[in-house]
Structures are given as structure tokens and as C-alpha cells.
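Per-chain residue numbering starts at 1, and chain names A, B, C and D are given in the order in which the chains are listed.
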Amino acid sequence: MSSSELDVLQTSAGALCQRYSSIRRDSVELAEPVSPEDGVIQSMPDVSPTRWHLAHTTWFFETFVLKEWLPGYAPFNPAFETLFNSYYNGVGTPFPRERRGQISRPGHEDVLAYRRAIDERLTKLVERELDGDRGALLAERIVLGLQHEQQHQELILMDIKHVLSQNPLHPVYRELDSAPGGAPPGPARFERFYEGLRSIGGEGAGFRYDNEGPRHRVFVHEFELADRTVTNGEFLAFIEDGGYSRPELWLADGWSTIGERGWSAPLYWTHADGRWWQFTLGGRRPIDPAEPVCHVSYYEADAFARWSDARLPTEAEWETAAEDASIEGRFARPGGHHPRAHGKSKPGMQRLFGDVWEWTASDYAPYPGFRPPEGAIGEYNGKFMCNQRVLRGGSCVTPEGHVRRTYRNFFYPHMRWQFGGIRLAR
Amino acid sequence: MSSSELDVLQTSAGALCQRYSSIRRDSVELAEPVSPEDGVIQSMPDVSPTRWHLAHTTWFFETFVLKEWLPGYAPFNPAFETLFNSYYNGVGTPFPRERRGQISRPGHEDVLAYRRAIDERLTKLVERELDGDRGALLAERIVLGLQHEQQHQELILMDIKHVLSQNPLHPVYRELDSAPGGAPPGPARFERFYEGLRSIGGEGAGFRYDNEGPRHRVFVHEFELADRTVTNGEFLAFIEDGGYSRPELWLADGWSTIGERGWSAPLYWTHADGRWWQFTLGGRRPIDPAEPVCHVSYYEADAFARWSDARLPTEAEWETAAEDASIEGRFARPGGHHPRAHGKSKPGMQRLFGDVWEWTASDYAPYPGFRPPEGAIGEYNGKFMCNQRVLRGGSCVTPEGHVRRTYRNFFYPHMRWQFGGIRLAR
Amino acid sequence: MSSSELDVLQTSAGALCQRYSSIRRDSVELAEPVSPEDGVIQSMPDVSPTRWHLAHTTWFFETFVLKEWLPGYAPFNPAFETLFNSYYNGVGTPFPRERRGQISRPGHEDVLAYRRAIDERLTKLVERELDGDRGALLAERIVLGLQHEQQHQELILMDIKHVLSQNPLHPVYRELDSAPGGAPPGPARFERFYEGLRSIGGEGAGFRYDNEGPRHRVFVHEFELADRTVTNGEFLAFIEDGGYSRPELWLADGWSTIGERGWSAPLYWTHADGRWWQFTLGGRRPIDPAEPVCHVSYYEADAFARWSDARLPTEAEWETAAEDASIEGRFARPGGHHPRAHGKSKPGMQRLFGDVWEWTASDYAPYPGFRPPEGAIGEYNGKFMCNQRVLRGGSCVTPEGHVRRTYRNFFYPHMRWQFGGIRLAR
Amino acid sequence: MSSSELDVLQTSAGALCQRYSSIRRDSVELAEPVSPEDGVIQSMPDVSPTRWHLAHTTWFFETFVLKEWLPGYAPFNPAFETLFNSYYNGVGTPFPRERRGQISRPGHEDVLAYRRAIDERLTKLVERELDGDRGALLAERIVLGLQHEQQHQELILMDIKHVLSQNPLHPVYRELDSAPGGAPPGPARFERFYEGLRSIGGEGAGFRYDNEGPRHRVFVHEFELADRTVTNGEFLAFIEDGGYSRPELWLADGWSTIGERGWSAPLYWTHADGRWWQFTLGGRRPIDPAEPVCHVSYYEADAFARWSDARLPTEAEWETAAEDASIEGRFARPGGHHPRAHGKSKPGMQRLFGDVWEWTASDYAPYPGFRPPEGAIGEYNGKFMCNQRVLRGGSCVTPEGHVRRTYRNFFYPHMRWQFGGIRLAR
């Protein structure tokens, strides 16, 4: 969100309410293909039910806006304070994450009623307070809530994909408007970047998460970066070359992970009837060798890179390469919740944004001088800065306009249900 | 089901179809207070979603009636053959039990459509075949399917109680038509039974499960049996006397079970605001000391008995005592899914049937000469004859008319979500 | 131990001390082939280190004799009261069983010193007190301690076999004095026993464990019992007939057990270089088809019986058949810690005693009227009467003279490291 | 090891053999206080038995020197190739790590014989081959083996401390020659370092591990570093201020780790009789507030830093500060296997080396341009570069002369059995 956009939202109650209701509506629309039965299921502890996402994002506004701005605020339902708290220890003990799939009530309709009630209260608050003393702060907090809601829009899609994939009936969330079958692109081209002292991270006006700053200097050695992400066809070659059974290609933790979990292909791939299939949000369909490989863990990305005699880029390298790139690519839209096949080679870096998140080799760590904000809201990002790896660039299930060049997504190295792919460096 | 009743069902297609549709309708009615969201949840591996029960009982008729009687039968949906198979290895590999709660489709409406389609096919089959060569066998198999469906009616209630109990909102399945607050009964009276060679188990015409026979002789030593089951008030005295923290009262496996699981009261009991509460199918309410204690494991029943200087009866003792008792008590009906408070003492054994299942000290073992039927249907009972204990008499969630004097229910000693109570012997 | 033997021990301090030192010496001799390193290892939670057995049996005499008879007794080492308590909650909290293999000290020599110290104190006590008021009781308690020590002698052998079997070097505990290679016996013959009211269990003078009584009547139906136990050759035929992959042969709990643990043969069997081997206390050697099959779980015994169109006997049947049998067979002796090959058929029941324990179909339950003794010593047997199955007859690692016709051994159905075999009934 | 030292070892067989036998002897001497029983135990999967360390370090020379230099080399014992392989998949499948404590043979004496045999073969090889074509390479490999042996000398001490700590008898490995009771030092002083482009990592002649290079530039922001490590007294203040129960002080993974494991103090600390004790290699003794806190996990170090309004240094910061420091401090010696109490404040950084390893905030990652050597020896370091954190400076159980300014030790964030302490930065 640019600085001028933020300015508008901080000064016009109408604009802010419109933005609010638009993003809030997007969530409800995403849930439309989700049946009441679908929307309850937690297919693994990392996944949350759709219904929970709809309630939790509402809880976020209730907790961090209404409660903070309205002295004596009476909660919509005191039990929700616990039930829909994700991980903010500063505002009470959250209901255990792994038990979210055991809670059937409030049901879908009741959650929609909760959303409407909070929306109404929040809209009134904005109308009354935006031009008051703490108006800019209020707008900032609401904008944070909307960015948060967009993150959960991506999670709704990631999670429902995992839920539906458990079912041998291969249910369809929404038909995709593309079919497999394109011609594979030629080999990736590597572009060289010269060494130097760079600045990365965000600063100045406009919205960004706390973890994107402070902007700071970092020395980047000369490196090369592939102009596109790795394709399914290339990853198949790795599989066929025995990639999953050659320990010398793997990190020690990766090797034990694939052994314990019995992995021999990316998540959602199955081999049946003599060919490879993948489960998508549009149901099951054959692997398209021209599409970017997706749903790989960091370990698989790293092993593939080693097999390719390459490596994964650091986030400083990635951000250096992205400095002048425009933020274009496949972002979330109905029918488009799947990465596009790569086409013919073109000059320049292709699709640094959208389609698939790109694993970096970087530990998710605080930037020099980083301090999370005071209070429970400070738990948003900082406390996760250990054991995770940074991914960059957004994906086909990220809302349009949500990512930035400095945007840092992060997952544990063994995680695969996010739309994560591979761009090689060397 | 008496011999004459069975005769009628074996000779009148009208009577059989009417019985069939009546029991099938009962299941659907039981599911009415269950929301689509409720009906998906598997709150522990022992529990199955309501929707699964509705589909599985239908699968039973499709698999063991339609498929066996109709050569070349095309299944309603081939994926259902696996999805809704509970544990019959003889007809394919069942979908993993612990993953039943990960399957959202077919949804509730689709399951009802499945039920209607099978009901229609089965009704036609009966009308065409009941007076044919294998008509008596067909009726017998359908009757087995209906008894099976009744067992799942009890499971629907047990399971949804467990599901709803997970929710801090204390949801109500259906309001109960009784309230706590009766006067506690006087002390239990013990009735003496003299030693002798008895016959137990069922034989002759009429329906019964294979595990109830053969009828056989067993030597029963002199014993005494309490005239009523143990009350909540008596069990509270055990708790207050440190029952859960005195190892000398417990079986070794019981002591380790309560330690590992942190048990200090029956299932569904909680202590809050200075008093004891229990979760019921009508929501949460205070413990009534006059009601029979319910939802205790075998270990708790056994420890309570030891604390009382008594023991649990064997199933031969129980059946001896029940020989002349009429099968009366609280069975399942809307508003009555909870055991009744004990009233004033009356002569004779009270409520051997209904209200709460009664744990016996007997291992669930084959009777001398027992042989399961040939084929997959032989998996119904026999293969579970290890590590479980017999319970007798039915409960307030058992369908009226379902239990017999020779009826053997069975659960593992650590299980508590069935409506199991305690009757003392010595 | 006969009544007259017990009489002697109760009246002659010399005889009692001699018996005591003889059995105590046996334990130390059994530990001689065990290196200090061997003697520390706990290869699974059920196993205890040899050193622990030597200390625990000593602790038993210290706790249940010295402490009870000597007011103000000062323990040899207060830490041992916890470290070497097995499961007697009545005398303190035992050191966690699964951590016995983490304790290296006291080392082997220190444990021997502990034994000597307690032996000396106990001998003095006997000499002083045996003709006193409580002399008979003292002798009885010491005899119990000696029977207890003999049980641990069997455990030392079972446990060290399991420990050594973990090692790819196939270490030898002691060379066996027999080699595989006998001719397989002819088919087993079944002997018929007529129905009737029998009495089982022990009574009268002489030593027995509390769980063997009271003697009581039980109605036994007509049955047939095989004249010998099942051989390796017969069990191999079961394996080769797909026994481990046919669910219809297995109890439900058995089927899940073999699936989870990946069992496809008895414990200690391995298939290598085109043949079957077994690990013995004399190292690894080829399977002898004439030897009794050993180290099978209850589940395997039961599945084998079902495959043979037979079943396992109840303990009442077994005791009926053993009524007139002499207690002869292979019991523990150096070079003989392995069951003997079956020879040519002979009239009568063969080897009901010794060689291999025989699984019965009976739940390990209290006999009618059973009451454990008061105090911590009452924990010896009674609290284990749930979830276990009875085995009868003793084995080639049971000390000579230890078992009786009424002797009840017991293990969980999944356990295989005891020397357990199969005798068929029908 | 300096460049000139390495030169000597590469050219003088006598010097090389002397160095070899001196370091090899150190290992055996370290094992002297370890009884045969102690030396078998694996008290948790991370720990290896002493005996295993003595054998594995020998296996290292056999595998990476004798086998590579002697064509047709016949192994000392083929089973050892698997048993004593730690994690080198390139030379076969290692025996499962978590089962090292189940192997009692070869026993202690047999392992010493193995050591002598390999020592003899290796000495002969050196005498024959050091002035040959591959002599420099041979010396380099042997030096690597000696550094490897020194790492295992530290592991022997870490591991035996953990083994002995399991025992309620508080055994002593070796008496310490210092006693608790010094005066606590004054508050730590922070020294400022200015920002700049630095070079870190090793290069040039002399021995170092592959993971220490290549030397490369890194931009370091201005920072301050404490002049000494955190004391027990300071850490006690953290505990007493509720440090272990305030989620806002912890990383999310740290908070869940302390919850699951029930941690409320550093490893080896216990609270008894109204005071804090710690288990040391000299047995149990009271906490000395002047000593450096030790045996804390990364999570605890990080939480303590946050509580102190500080943070942990990066490894670049640490190496910057260490640039001119002399490598002095408490390293391993008999009686000295414990960190020293801090004394009065002195100018300059104190004890960057020795006493306790210092956690850094840095992910253990490859330096730019890092490539592991070809072959199985390349598994030494590289494959562990994920999920671990770097520690710097060595400890009181590190052999004298083993660490360098560029030395990178690494452990998972939850690990505490290494001698790890805390130096604050900000």
C-alpha cells in the first residue's frame, strides 16, 4: 500500500470504510464454494477451518480496534475471546490450535452474523473517530487488520486445498480456467548481479509489516539468479534421477524428514495409472511439465538446487534482483488459483512476483535494529523469528496488491502446503 | 426381537418394509438437531461423525443385502465402498478410521440422497424376493441390518455428546425433560443368589447376535448383587475420600491410565465455581447426587468397587439375576437421553435394564462352542473378543426394544464415552 | 514347594538358610556370563538390566523381611529404596521403570556387595527369630522372597536374550549343548476330555502364590487337547500360507498389532541368505522345524490356532489335562536354555511342563473369592488382573521346581519376549 | 593449529606420530573415571556412550585414512563399519543413532584393543607414506582425524555429565578443584564497536574446518558487546522475576518448548531444601552466583536477553570483537571441567574463549562461496547447515588449542547439554 493510498485512508472515513467493506467481502466470497461441512475441517494442525478464519479475522478487529478504542467495550461473545484468538498470549490464553477442528459452533451462519455485527460497530467507530486525535492511529490499525485479513484469505485457499485433498472423491473448490498442456519452456537463463553494499528492507511512509524494517545496509557478493522458477518437468527429472533416494543431495534434517514422512514427490502429487497427477483447487489433473513446481518444502528446494549444481538465493540477493521489477504476476482471482505455465524465454527476470512463493536460503531473522511494537500486537511477527525460512514474491493465492518488494513470508523448512516454488541462484 | 415377531418379518413383505422404514427414519430424526457442521466432526478416533453413521448404516444394507442378492449390482458410488466400510476386511480395505473427520463430502444432503436411493432399491428387492427361495435368509439379513442400525443410533448419541462437549459454549443437542434435584435414595440393598449350575446365553428362534450363543452351562458361586446402580452422590464420596490418588484402590493399568490422562472424575464432569457440573445432551448442568453415576471407565468402576469393599459382577452372575426381570427402564426417547435419578428403595432388583450400561468383570470372550458365521459378516463380533469387558442391560441412549437378557455389549477398560455405570456385587 | 518341604523350612533355621543361600547363589551364577556392559542395558521398557534384577531381589528381602522384622532398621542405602522398587506403591514411589537402563551405578561389584550385606543380615535374623513367635510367618515371607527371586532368574534369562539380540554381532550368552537338525515329529494327536464340574486352583499346605487360589469349582465342557506343542515346522507352514497377511485369521487387535510393528514371524526369527534363523541364548542358528515354536504373542498363537481350525485351551481345560501329569520337562540349566525338539509320538500328553510356556485363552482374572493379602505385599499379583492372558506350565528358562499344576503366569497379548508357545485345543 | 605447526606435521613422520599418539592417549585418559557400566549408557538420543566415542574416533581413522590409503584394506571387524559410523551415508548405512545404548559389545577392553590395532596400522602407514606423493594429503587427513577426536573428547565430557546426572546418587566423574562461593562481579560493561565492512572467516595456511571459510566481507552495524558472560546470579534474578512464565519474553518456539518439557531453570539445576543446586562433573553442589550461567538453550539465552533489554550478538559481531583477543580462558583439564567464577571487572573483553560457549543469534549457514569437499568426508559439516545456531569461543570441556577465532560450533536451539552460556549485545 503506497504512501498516498495510506494518506487517503487516514483522512477519509468514506474511503476507509469502503476499503474495509471491500476486503471483508472478499473473504466471504472466497468461502462461498466452501460447504458448511468443508468449512469445519482441520486436516492437520497447521490448517485452520474456513469458518475459523472468518471468525478470527473478525476477532482481530474486535480485539485490536474495538476493545482498544471503546472503553468498557462488551464483547460480542466472551467465549469468542478465547476461541478465535490465534496466538496472542498478551490478550489471554488461546484455545488450543490443534483442536480448532473440534468446534462446530458457532456454525457458518452464526459466524457471518458475528462478522456483520463487528463490521457495523467498526464502521460506526470510524465515522465517529477518524477525524479525532487518534484518527491516524485508528486508520493504521484498521489497515493492519485488513492486511491481516488478506493473509488469511491466502490461508483460506491454502487450507481448503489441503482439506479437500484428503478426500478420495477429489472435490473441486472452483474450476480452473486453464488446462495443462503447454510446451515446456527452454532452459532457464542466469542473470549476473555485481557485488556491492546494498540496502534492503522498507522505510518511509506507506504500509508495511514491522518485520520488513528497518531498511539497512548489507554486503552482497556477486551472484547469478535464474530468470524463471523451476518447472514441474525439471523437478520430474530430479525425481527420475533418484533425487529422493540419494542422501548426498540432502541436508541432514531434510533426509530424515523425507524418510520419516515417506515423501517421494511434492505435496499433492500422486502416481497412478502410469502417470503423475496433482491435486489442485480445480480437482485432480495431470502434471503439466511447463508449470512451475509448487508445494515443495525448503528441503526439497535445497536438494533440487544441489542436484542442479546451484543453490537458493538469500533474501538480500532476491531483493536486489527485485529492485526494479514491477509487481506483476498471477495473483488470486476466481478460476486462477493455480500457477501459470512458463512460456517462451523473454529478456529479464520473469515473475518474481505472483504464481509461486520463492524459497530463499535466509533464516527468518530480525533486521538490525528491529523492535516489535509494544503490547500484544507486537506478537504479530517478531516471536516467530527462529527456525523458519523466508519466502519472497507472493503467489497465485495471494490477494492482488498485497505483496511488496520487501515483503517477507516465512515457513518452517518442512512445510509444503503453502504455494512454494524454487528459483535457483549460484 | 421375539420369535413370533421374526416370523412375521420373514413372511410379510409389507411388515418387513414397514419395520425397515421405521427404523431407518429413526436415524434421520436423531440427526435432526445435528447441524451440518456438527455432523462432520470426529472429536477422538473412537468417535465417528453423525454423517458417517448415516452413510455407513446405508453401506451395510448395500454391501450385505443388495450386493449379495443382486448379481452384477452396480454400487451407488464406488468410492463409498471404501469410505463407509467400518472394519470389514473381507469386503475391501476400509478408509482409515482415525481420518473419518477429514472427509466433508458427501455432505449431509448427499448422504440423505444416498439413504433414499438404497432404501428404494432395498424395498423393491424385498417386494420381489421375500417369498422366493432365499426369502427367510433375506429377511434375517435385513433384520441384522436393522439391529446394526440401532446400534449406530446409540453411537450417534454417544458420539455427538462427545463432539459437543469439546466446545466451551456447551451446546445443547436437545433439551432434557428432567431437571436435577431429587432426594438421594437410601443405601443400596444386596440380594443373595445361591450357587448352582446355570445356563446362560441365548438359543432357539428369534433374533440375537452370534456372540450371545451358544447357550451353555456355567457354575456360579453364591453371590450378592446390589439392587440398584451406584449414584453420583456415592461416587462423589469416593472422590472426596481421595479415590483418584490412592494407588491401592486401582488396577495397575487403571492407575497408569488415570495418571497419563490426568483423570480425577468421570468423563463430562467439571469442577467450576465451587461445585461439580456435568455435560449432558441437554447442555451443562449441576451434578445430581441421586442420578446413577455414568461415563466411568472399567478402571474407575473397579476402583470404586474396591473402595466399597465389593467387586463388579461377572456376566454369568448378572444374567442369573436378570433371569426373571422384565426389560423395563429408561431407553432412548427425545428429551430422555439421560439416566433417571434413583427413587426410594423398592423390593427387588431395580433397573437392570436401561438408564446406564453396567460394567461386568467379565472378559469379552467367545462362549464355549462359539463360531462366527462364514464370510465378511463373521467379522461383526468375533474378532473383537480380546482385551474388552462386557457391559449388560442397555442405557438411556439405547433404542427401546433393542436389548435382551443375553445381550453383550463390550468396550475397552479405558473407555468412558458410552453411558456406562456401576452395579456392585460381593 | 510341597507342604513337608515348607514345614522343614519353617522349623529349621539351618535348612532355611541353606535354601536361601542356594537360590541366592543361583542368581549370581546366572549373571556370570553377563559382562558389566551387558548388565546395564534395558533394550525395551519391559526389559530390566541384569544388575537391576540382582539388586531388586535383594531389595525385596530388605523391604519385606528386614524392615518388617527389625524395628528401626537402617537401610543399606536410602536411595536404593526408590531405585530398586519395581512397582510397590505401598512402600514409596518407584524409580520410573523405563529409566532403569539409565542408571550405571551401583555397578556390578557394588550390587554384589549389596547382596552380601543383606544376605548376612537376613541370615542373622533367621538364626535369631525363626523359633520365635512369628517364626513361621518369617519363614513364609522368606520363601515368598525366594520364589520371587526364581521368577527374576527367569527374567534375567529372558531379558539378557533380548538385550543381546539387539547386537548385530550375535553375542552368545552361553553355548547350548544341543544342535538343530532332528527329524520333525508326526502330526499332533488330540486327546479327549469329558465334560464335568471340575475343581481348579490350589489349596491346603505348601507354598503357592495368592493368585492360585481359592480352589473352586468350574464347569468344563467336553474338549480335546493336542498331545504336544506346535513346532517351528508347523508355524513355518502358517507363514508360508500367508498367515501374516490374511486378516480373517486375526483378532482385530492382533491385526493392528502386526501391522503397526511390522511383524511377519516370531520374535528372534530373521530371514537371511535364503533361510530362516533364530537368535538363541547360544547365538544365532538355523530354525529347527522339530523344535516347539517359541516367542510368539497371544495374537500369533490365536491366529495360528484359527488357521489350524482349532483354538487355544482355557486355563481350566489345561489344568484338567494336567491333573495327573508329572511335572517333568526341560527346565533351566546351563547349556539348556532352549526348548528341546519334539521326538516321536508317545502315548499321553507330552511336556505340559517345561520347554515353553503355553498360552491359554483365559483372561488373567481373580478366582472366585480371591483376596490379596493386606499391605504392599498384596500388590504382588492382584493389581495386574486386567488385560493379560494366562500361560501355563513353565519353560526351559524357569528354575527347576518352581512351577506347579496351578501356577499362573501372565503376559499382555502382544508380548513375545517370554518363552511362550502354543498347544492347540478344540 | 598454526600454519607452521601444520608444516611440521606434514613433513616429519616422527612429529605426526607423536601428535597422533598424544591426542589419542588423551581420549583414553578421559575415559578412565568412566566405569564399564557408565560407558554403555545413552541417556538421550543426542548422547553417545563413552565406549562408542572411543570406537567411533578409531573408525574415523580406519575409514578415512587406512581404507583410502591402503588398497584392499581388510577391516578390523566388518560389523564395526556399520556400528561405529556416526552419520556418513557415503560409506554405508550407519547403525541407528538412538540405539547406540543397546549395544554392550564390543566392551570397554575390546574397544581399547580396537584402538591399539588401528593405532599400530596407522603409525606404520605414516612411517611408510609420509614422504611419498600423497604425504601432505595424508598428514592433512590425519590432522582432521585428530581435530575430530578432540571434538569427541568434548562430547565424552558433555555426554558422561548427562549420563551421570540421571542417577539420584549424584555420582562424581572427577572432583573439581574449585569450590563455589566467590563474590559476585559488578555489573557487566558494554563495549562499543563501530560499523563497517568487516572480513570474517578463515583463510590461508594452517588447519581449519571447511565451514570456517571462505573468508568474506560482511557489513556490521554499530553494536555493543558485554565484557563478560552472564552469571548464575543474574540468571537467578530472571527466574525470580517470573522469566519462565512470561510469554512476552519468549520466541514462540521457545515458549512451546519450555511448556512441553516443563523447564523452569537451566539444565542440571534443581531446587531442593530451599536452595538451588547444580549437577557438575564433580557431583552436585550449590549454585555459585559468580559463575557464568551454563547449560541454557538458545531459547533461554534469547529470553534472558529480551528480559535484559538486550539481544544476542551475531557471529560477525562476535568475530569482530574477538579479532584482537588472545585465545585464553578455561579449557579442559583434570579438575577443571567447570566454568570459573567471574572476578572483579577488568578493562577489555573478558573470556571470549573458554569457560562457556557463547550462543550467537546467527543461523548456522554456509558462508558465501562455501563448498564442502568431495566424497563422504564432505558430510562432516555442510549437511547440518539448517535449523541450528552458531556458538563461539569454546568451553571448559574443549581441549586446549582446539578452538580458533573463526571456529563455528552449532547446536539446535533447544539443546542444553553442551556447555553453553550467554554474552549480551545491543
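The definition used in the following text is that a residue touches a chain if its C-beta (ideal position, glycine included) is under 8 Å from a C-beta of that chain, and two chains touch if they have at least 3 such contacts.
This structure is a prediction, so every number in the text was calculated from the model and none was measured.
Shared contact partners of chain A and chain B are absent.
With centres defined by CA atoms alone, the chain at the far end from chain D is B. In this assembly, the C-alpha centroid of chain B lies 60 Å from the C-alpha centroid of chain D. Centre-to-centre separation between chain A and chain D, using Cα means, comes to 38 Å. Centre-to-centre spacing of chain C and chain D amounts to 47 Å, using the average Cα coordinate of each chain.
Within chain C, not a single residue touches two or more of the remaining chains. Pairs of chains that satisfy the touch definition comprise A-B, A-D, B-C, C-D. Chain C contributes residues 35-41, 43, 51, 79, 82-83, 95, 99, 101-108, 163-164, 166-169, 171 to its touches with chain D in the complex.
The touching residues of chain A, when paired with chain D in their complex, are 87, 89-90, 197, 216-219, 221, 247-248, 250-255, 298-299, 302, 361, 363, 365, 368-369, 378-379, 383-387, 413.
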